[in-house]
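Next up: some structures, all given as structure tokens.
In the two complexes that follow, chain A is the common piece, with chain B as its partner first and chain C second.
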Partner chain A sequence: MSFLRSVAGALVLARPLNSSRTVQTRRHIKRWVAPTLRELAHRQQKQGPQKPEPRAGYVEWNYRSELFAFGKRLGENFELPQLQEAFTQRSYAHQEEEKQRKLGIEEGDLKIADNQELAKMGSHIARAYVEAFLKQSLPKVPKEGQEAIASYLLSTETLANVSSHLGTKDLIFTTEYPPSPESLAESLQAVIGALADSSGVERAFLFVRDFICTQLNQKDLLDLWTPKQPVQLLEEICQQRKLGEVEPRLLGDCGKNTVLAAYHVGIYANRQLLGKGFGEDVPTATETAALDALQSLFDIHENRRPFDFGLQVETKNVRLGN
Partner chain B sequence: MSIAKRVQQWATFARTWHIYDCTWQNPFESAALVKTHLMGLHKPIYHPMNDCGDHVVLINTKEIALPGDEWIKRVYFHHTGYPGGASWTLAWQLHEKDPTMVMKKAVYNSMHGNLQRRHTMQRLHLFSGDSVPDEILQNVTNQIRTPRTVPQRLDHIDKETLENFPTIMDYPKDYILR
Partner chain C sequence: MSNSHLFLKSGFPRAPLQNGLGRYVCQLQRITLKFCKNNGSSKGMRDFIENHLVDFAKENPGIVVYVKPRRHRTPVLVGEYLNGDREWLSCRNSTQEEITKWVDLLRTQNGSSSSLRLRKMWHTDVPSIQGPWTPFLLRSPEAHGQEYPSVEASKPLDAPQTATEKLIELFRQQKQLGDEDVLSQKRAE
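== the complex of A and B ==
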């Protein structure tokens, strides 16, 4: 558009210079410019937004140096073939093999390594380390809660988010562009696997801690895991820890006969206040009070000490299994 | 949003019901106090565009005490809108007609005249005496402290207490009490 306008401007300016007559610049814009611009805008609008173009399509794209830079950015030493394998999705490998087969290349040369094996290994390492990390940082949370938090950290969305922010979008070999969340997540797992192969499993653990466990920062843990029946759970916990019988008491209420009624309930055990909660009716308030008490007992309150991400989980505490 | 966050919001925006006894109180001094609660000015979340006001129940409005000679000097103006429709009513006359009106107008006039004022006034519940319907009284959870203490009136003290009250001197036998 602006190009056209400038062309028109140039035409306007160019005329008088060529002629040796009296110097008179034209100050108007040609009558054809506006309708042309309008038509072009109309066509562009009709066509819709452009599809995202892969960076690899450009001439000066150097995949090898990008791959190298990826490792260096993260401060890790990858073996490049391993890393390239980690970024090759199975669908892409199949597609390439098909292409080569069509060209008549023999079976022996067709094998393109994909990241399935690495991803499997990586996901195994990530799960093992995240579980060990949670066990160490949230020791009072029951197993069920730790599992829920771990499953959030290892979910496809979280991993895909981490992966895309590490800049894997243009490195992944997939059939679709931009890569789907699944392939982003899978390639991150494969990167972890490749790191374990290249620099040892300890280094991979630190990678998981620094990039996956840190996703817990400033998260409300109640969003990740809410006990289903808090009152019953609190009763069980109090029985286990011998805190006494759980007893909800009304601390206050306002606007009882209105639609905006609010109740304030405190949960007591053995005359000690465990937690307080609000609600639009007494059962809800009791439930939230129980949740509040559980949050204090499990040390997952909003105002808890922040997670220590410098924490070193000892390798012997990480249960890699098989 | 977790359930804890939801009920936190609910509790933050809960409307409290206050009660205020107008006996022997200056309506204009009280109005400033009542207005604070009505508009939610006392809350940290207050903002003019934030609907966070409380309810206030005013009782014993017929017992208000206007300062000085306000009862005879204060005039309430009303205009019907028709020619010759203006009327001026003295405070004592208005109080005789409706014992809640002086208090109501005091609160109404203490607030800025904007679109919100009439909605805020809806949260003010006035009662001339001390009998409040149970449905309203059950909502009340707070009493606003009155700025003036109510003095005890001599004619409300029972006869026995008065007779047994220690005296600093005795009247002579032949002294005639009128």
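== the complex of A and C ==
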């Protein structure tokens, strides 16, 4: 085929020599396209996967509009300079200062505000509010359990997840892209701080409730907090609440002395069944039963009444002091 | 569903970040309208920008709108979502009404719906309210103190009466009747 084509080309080229007509332009088949594309693809494959491009590098990018929209999207009124400060990580500020110092700018003009102060304030507000919220919505859970649940809500992973779903990823000024979970979490705390500064602590509390406390929805609370020694804890609780002596009893078993043995243990106190559980041997089953009893005593069963996220925690109950 | 959907990302309809539980956050974070200033295929897009875009931006302050004119290219809508999705829509030869509808779709969905195959139209984290069935569930009270091996429990439930058993039963009935007859005779005496 290519031979034929080259012969045809030669004929076309040869024609002007024979006749006196002007050279007719012809649409050639571009035979360089496919090899070039192949070569480009080959080179791309050799380089491996590329790093994600920061959105800020696009032509259609306006940081000011993005900041404005960030506040409006969440239904809050931020002061934009403060919000921008909340998105400036310390590492980035240092880097910028270093660059400017190299250019010979005086020390007095070098200061770039970073979000450390705001993040500190925000994390303080978030912790205080989450603790107050848990105290009000899980009144029967002991302090240890409330602390465990609060530490889940305020952990870097949870905060980073919330932060990235609020669209901070493209707004944060950091030295690395995409921003690390730590910087995502820190900037969310800083946003809470900035909100408290611009529209008052009450709005910041509502923000924490709407975006951080709601992460508890449909969570199994036993996953977030499992008592280490449930039987001892159950005994203590029963003593405190005067429910009577704790007494585990075998409700049933099957497959004794086999690999697939199963024991069903119920925990009674004062002839009342508190909880029951299964296990491959009696101690395990007792422990499961104790956990079950604790769940119903603390009202953290999986079929408990759902959390009320419209809850108004009174400001005086939020312990901001210290 | 065609074969081309087999490798499409699949999932369940879910609200990201418990959206709407605390407060509702519009999931479309920015929208880019690309169009040509004089090509006919961009007519609808130009009309949309002229007549509706300012109102749209005013009504949705949480969405950043970028308008990008470019020569002799097809008009395009690009939506970017909070979950990182990016949706590209060609609006070649669309009218402004059609574009209004597409923009409204982008505004109200929570991710790029065209790149997700729904496995089911519903989803639940707790499939069973009652919990899993166990052999200990709803057992009869007699089964509790049962000693094994037991003759009673080993019998089939639907075993018919044997001829021998029937005879023995008949004999017992007669004997009982006989005893009663003797008693009634004695009473009569």
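Operating definition for what follows: the second predicted complex is superposed on the first by the 279 of 322 C-alpha atoms of A that agree within 3 Å, B and C clash if a C-alpha of one lies under 4 Å from a C-alpha of the other, contacts with A are read in each partner's own complex, and residues count from 1 in each chain.
Convention: contacts are C-beta pairs under 8 Å (C-beta built on N, C-alpha and C of every residue); 3 or more make two chains touch, one makes a residue touch a chain.
Nothing here was measured: the structure is a model prediction, and the numbers come from that model.
Overlap between chain B and chain C is detected when the two structures are superposed via chain A. Looking at the shared chain after the overlay, A:S91 reaches neither chain B nor chain C. Of the two partner chains placed around the shared chain by superposition, chain B and chain C are both touched by A:C254. Of the two partner chains, neither chain B nor chain C is touched by A:S180. In the overlay built on the shared chain, the residue A:D223 is in contact with chain B alone; chain C does not reach it.
Using the contact criterion defined above for the overlaid structures, shared-chain residue A:H264 touches chain B and also reaches chain C. When the two structures are aligned on the shared chain, A:G167 is found in touch with chain C, with no touch to chain B. Greater residue coverage of chain A by touch, when chain B is weighed against chain C, goes to C. When the shared chain is aligned, chain B comes close enough to touch A:L291, but chain C does not.
Of the two partner chains placed by superposition, chain B and chain C are both touched by A:F278. Within the superposed arrangement, the part of chain B that overlaps chain C, taken from 76-84, 112-120 or 148-156, is 148-156. Shared interface residues of chain A, touching chain B in one complex and chain C in the other, are 252, 254, 262, 264, 278.
By the touch criterion given at the top, residues 55, 59-62, 65-66, 68-70, 72-75, 161-162, 164-167, 169, 209-211, 213-215, 217-218, 251-252, 254, 262, 264, 278, 302-303, 309 of chain A touch chain C in their complex. In the complex of the two chains, the chain C residues touching chain A come out as 16-18, 21-23, 25-26, 29-30, 32, 61-64, 66, 68, 80, 82-84, 125-126, 129, 134-136, 139, 144.
On the side of chain B, the complex with chain A involves touching residues 1-5, 7-8, 10-11, 13-17, 55, 135-136, 138-139, 141. Residues 220, 222-223, 226, 252-258, 260, 262, 264, 277-280, 284-285, 287-288, 291-292, 295 of chain A are the ones touching chain B in the complex.
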